[in-house]
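Both of the next two complexes hold chain A, though its partner changes from chain B to chain C.
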Partner chain A sequence: MKTIVKSRLAELLQTMAQDFRVLVPVKSETVSQFVPWQEGLTVNLEGNTVLPPKDIFFPQTEKMYKFKVKGSSVDIEEFAEDVQKQVIFGIRSCDMQSIDCLDKVFLTKGYEDTFYKTKRDKTLLVALACTKPQDTCFCESLGLNPLEASGADIQVYDLGDALGFVAKTPEGEELLAKYASLFTEVNAVPQKVEGFNLKAEVAGIPEKLAKMFDHPIWDEVSQKCLGCGACAYLCPTCHCFDISGNVKADQGYKFRCWDCCMFSEYTRMAGGHNPRPSKKERVRNRFMHKLYYFQERYGQLLCTGCGRCIAKCPVGMDITAIIEKIKEAEV
Partner chain B sequence: MNQHTVKMRELARELLSSGQVSLVLGWEKGNLWYKSPPVFISRVEDVEKLIFDEFCHNNLAKYLMDLVHHSGKIAVFVKGCDSRAINRLLQDNQIKREKLYIIGVPCPGLKDPDDAVGKKQGAEVKNSAKCATCSYPNPVVYDALLWETVPVNTTKAPVEELIAKLDSMTPDERYAYWTEQFSRCIRCFACRNVCPACNCRECCFDQAEPDWLGKANNLSENQFMQMTRAMHVAGRCIECGECERVCPMNIPLMAINKKVARDIAELFGECAAGLDLEKRPPLGHFDLNDPEKFM
Partner chain C sequence: MSVSTADIKRINPLIPIRGKITKIVQETPDVKTFHVTTLDGQKPFIPLPGQLAMFSIPQVGEAMFSITSQGPHHLEMSIKEVGQLTRFLHEVEEGQECGIRGPYGNGFPIDYCKGKDLLFIGGGIGLAPVRSLINYCVENRKDFGKLTVVYGARSYADLVFKEDLFENWPKMENMEVFVTIDRPEEGWNGHVGFVPAYVEELNFSPMVTITCGPPIMIKFVLQSLAKMGFNDKDVITTLEMRMKCGIGKCGRCNIGSCYVCLDGPVFTLEQLKLLPPEY
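Up next, the complex of A and B:
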């Protein structure tokens, strides 16, 4: 395995940053997230980031095009986007799985989202294997391997004092070859990840939910939800957006921004009717989407077991407990 | 099981089985030892879920607004701060006193769940910052007080130091400080949705027409949103600190709320919100003796 001592990681990232925009997980006093590498930063190799990496491909607010009305016609101009080749370093298996979910949404079923695709196509993914689960992790229950991220170009292992790199794609090989002089060849076996605090049995859940739209469980599950968007905005897979405009006189621009199915205005129609009038319908939609609708459309769950929603929900909503309730519910 | 939990369950059982109330709002234990989320109990056999420990952060008064059409009486457990929220909601005619059975639980001060992350159950955990400046740990309104009142803590909390630091800054420095804080806001509205002072039927931030708050996440919209909220809850904030606790981006929201509360106290005299049901909030009524410095 190609290894580098942790004390020389900064040197590797600094070298890579001459060829790529390199994004790394960084923990500040207030929050942890992926930020562009610059000299002096400390990469956080412990645990996952509070903010998921989804905004790298799918920013919270993104300008789409500008327009100007000219008489009876309109000029439309796209925003020129200068997308550099980029490397995301230190992304965990759960977040790699979320990128797979986002790829399915934005790139398959007959439509490719240009905004997403331009950034996604220029990205190399260097995944970092976990060493121990956080209190709220349950990726293992969803069939993920915290040591092997699917879709990664390179898999990195934390070997204690050093990091081991294994290329998984030709692009990954190329990247490692490029910086070969920084690595030392060492025989190493990564440690297993054990001791998950949370578990979820998802077998049969989508099929069961297909019959539970009108089940009383939603009254109970939704009761304590406050209807905020912390879960959705911290979720690495939630991808709903709204398109809005900024118009001044005869010109303006359109932009899209994250939206959240917990918000009352999410389904509010012109004229005021709302087909999801209360939090019961909204909460039901959230869990139906994650555990049934997405499975039906794309063949996988829209949850990766990262546990961010469990860690940050103001009222302790816990998707693993809800899965358990669904499992026990009589239909 | 601690004695507090035993007393809670005893009273809840009695209230439900005698039919005095049809619903009990309390706290329970979930999958994480350092979280005690809200629980809604309507069946006697479920009272065993109730607990009280140092992680019972949620202000259950917030849920009373969801339950205005609930038939029957509701029992609600309240700490000191939570009880002030009850008074505030009563003053705003959001809830009816006769529909409530308020159970006061004098609060010893809670622990910081963020500090417990990754630790083993029973490990040493920091006190919660929001409880450090609490002047009212004992409920101010109740039908039953479940145990002895607790002494008031008078230590200076970090938020006080932060306000002093902000006060000593030049306006430009202060602006730069808050710019940095608000630039982090992801607009999840956890602060608003957990806040018992936020009791508008429709929040201005949710209105589509007029579109007061744009949906784009940028500094200008974020500042507008947070400043509007701070001014709107001014004089009605009961300083429970829930907004700051639930903010996933760790924005020091209580520094604004406490600062505004202090300014109001300087202008209108001591008027902590929700202490006295008969005393209207200073910005909620008119008095001929009000200062008119701006005139």
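Up next, the complex of A and C:
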């Protein structure tokens, strides 16, 4: 296995940063997230980031096009987007799975989302194996392997004092070959993953939910939800967006930004009709989407077991508890 | 091969092309029909009957509308004044530039309708999307059987497309038009009453039916059609939902696992009965 001692990781990242925009997990006082590598940064190899990496391809707000108004004339112009080749270093199995979900949304079913695709196409994914699940992690229950991320170009293993790198795609091979001089070939066996605190039994859940649209469970489940949207913003797979504009005098631009199905305006039409008028319908749609609708449309769940929504919900809503309730519900 | 900005605009499905409102027709006190072309006077794209367009005044907003009709060089959208964008649109004059992108959605099942008698049932502005198919049938008259239109609005003033309703369509061979208004009014000698009751009164035999109107009208029309023995797979409607992207990504127009912008807006009653009642 190609290895590098942890004390030389910064050197590897610094070298890579001459050829790529390198994104790494970094912890600050208030939050942890993926940020562009700069000399002096400390890469956080413990646990996952608080914020998911989805904003690398799907920024929280993204300018789409600009316009100029002159009387009744409106000029529309694209923003020139200069997308660099980039490497995401240290992404976990759950977040790799979320990229697979986002790829399905943004790149399939007849339309490719250009804004997403330009960034996605230029990205290499260097995944980091998880050995110590956090209290709120349950990816294993969703069929993921915390040690082997599907779709990664390179899988990295924590070997204690060193990190081991294994290429999984030709692009990954190429990347490792490019920096071969920094690695040492060592016979190493990756650590095993410690046990998971949290579990969820998802087998049969989509099929069961197909019969639960009118079930009283939604009155109960939605009761304590505040509709704050923190779950959707922290979810690595939530992809809903709004399109809005910013106008100053005679010019402005259109942008898209993350939106959330918990907000009442989300589905409210100009005439006032709202197909999901109360919290109950909105909470139901959220869990139906994650655990049934997405499965029906794209063949997989829209949850990766990362546990961020559980960790940060201000009223302690827990998707694994909801899955359990669904499992036990009488239909 | 280099790609020009114009090409990029075409291939990025979320960026509108520049258009121009070339003609505005006042249909009712709160409905106007807008004729839209590209800046060089061409049709922005060629929609199928029942498909949708994202129409925008970039500095105000963007929304999805049904395309009610098209000419060789333009698209037509009939728009009721209800919100911010539509209020602005009702103030603009001919020559106003705009943005437009599309076409979106599945459109009406034309092949399924071919060779059959068709019943069109509309209420208020709901005739706008249905009209795209009526126009298609009128233009390709020999491909379809008898055409029957039942349409109603609150008052005479609120009837859209009066020229079609009272002049053009009744003159067509093998085509009948029945118009009703909700309450009696001076000068109106036609039928008075709600659309669903009128449909029952006319007592049609089951046939392929295309209906659109306010949710409450659709609800009772569906009940009337069921009473008359209409088949769920022959009852076709077109839905409306709040939309932002139009290409099945932004999330909000779902009904169950369907996205109305992509998989709709046209559904048969048979299809709708398989979806959660959330529209």
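Criterion: the second predicted complex is superposed on the first by the 321 of 331 C-alpha atoms of A that agree within 3 Å, B and C clash if a C-alpha of one lies under 4 Å from a C-alpha of the other, contacts with A are read in each partner's own complex, and residues count from 1 in each chain.
In the analysis below, contacts are C-beta pairs under 8 Å (C-beta built on N, C-alpha and C of every residue); 3 or more make two chains touch, one makes a residue touch a chain.
Note that the structure is predicted; figures quoted are calculated from it, not measured.
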Fit or clash - chain C, chain B, common chain A: fit
A:L198 touches, of chain B and chain C: first, second, both or neither? first
Touching partner for A:V83 - first (chain B), second (chain C), both, neither: neither
First, second, both or neither for A:V74, with chain B first and chain C second: second
Touched partner set for A:A177, first chain B, second chain C, both or neither: neither
Touching partner for A:D242 - first (chain B), second (chain C), both, neither: both
Which superposed partner A:V186 touches (first chain B, second chain C, both, neither): neither
Touched partner set for A:M64, first chain B, second chain C, both or neither: second
Contacts of A:R268 with chain B and chain C, given as first, second, both or neither: both
For chain A as apex, the angle formed with chain B and chain C - C-alpha centres, to the nearest 10 degrees: 90
Least C-alpha distance (whole Å) that remains between chain C and chain B when both complexes are overlaid: 8
On chain A, positions contacted by chain B and by chain C: 242, 259, 268
List of chain C residues in touch with chain A within their complex: 5, 8-9, 11-18, 57-59, 61-63, 82-86, 92-93, 95-99, 215, 240-242, 244-245, 247-257, 262, 276, 278-279
Footprint of chain B on chain A - complex, ascending: 29-31, 47, 50-51, 60-61, 134-136, 197-198, 220, 223-224, 226-230, 232-234, 242, 244, 246, 255, 257-260, 263-265, 268, 310-312, 314-318, 320-321
Of all residues in chain B, those that touch chain A in their complex: 30-32, 35-40, 58, 62-63, 66, 117-118, 184, 186-190, 192-194, 206, 208, 214-218, 242, 245-246, 248-251
Of all residues in chain A, those that touch chain C in their complex: 64-65, 67, 69, 72-78, 105-106, 109-115, 213, 239-243, 245, 247, 252, 254, 256, 259, 261, 266-271, 273, 275-276, 281, 285, 288-289, 292-294, 296-297
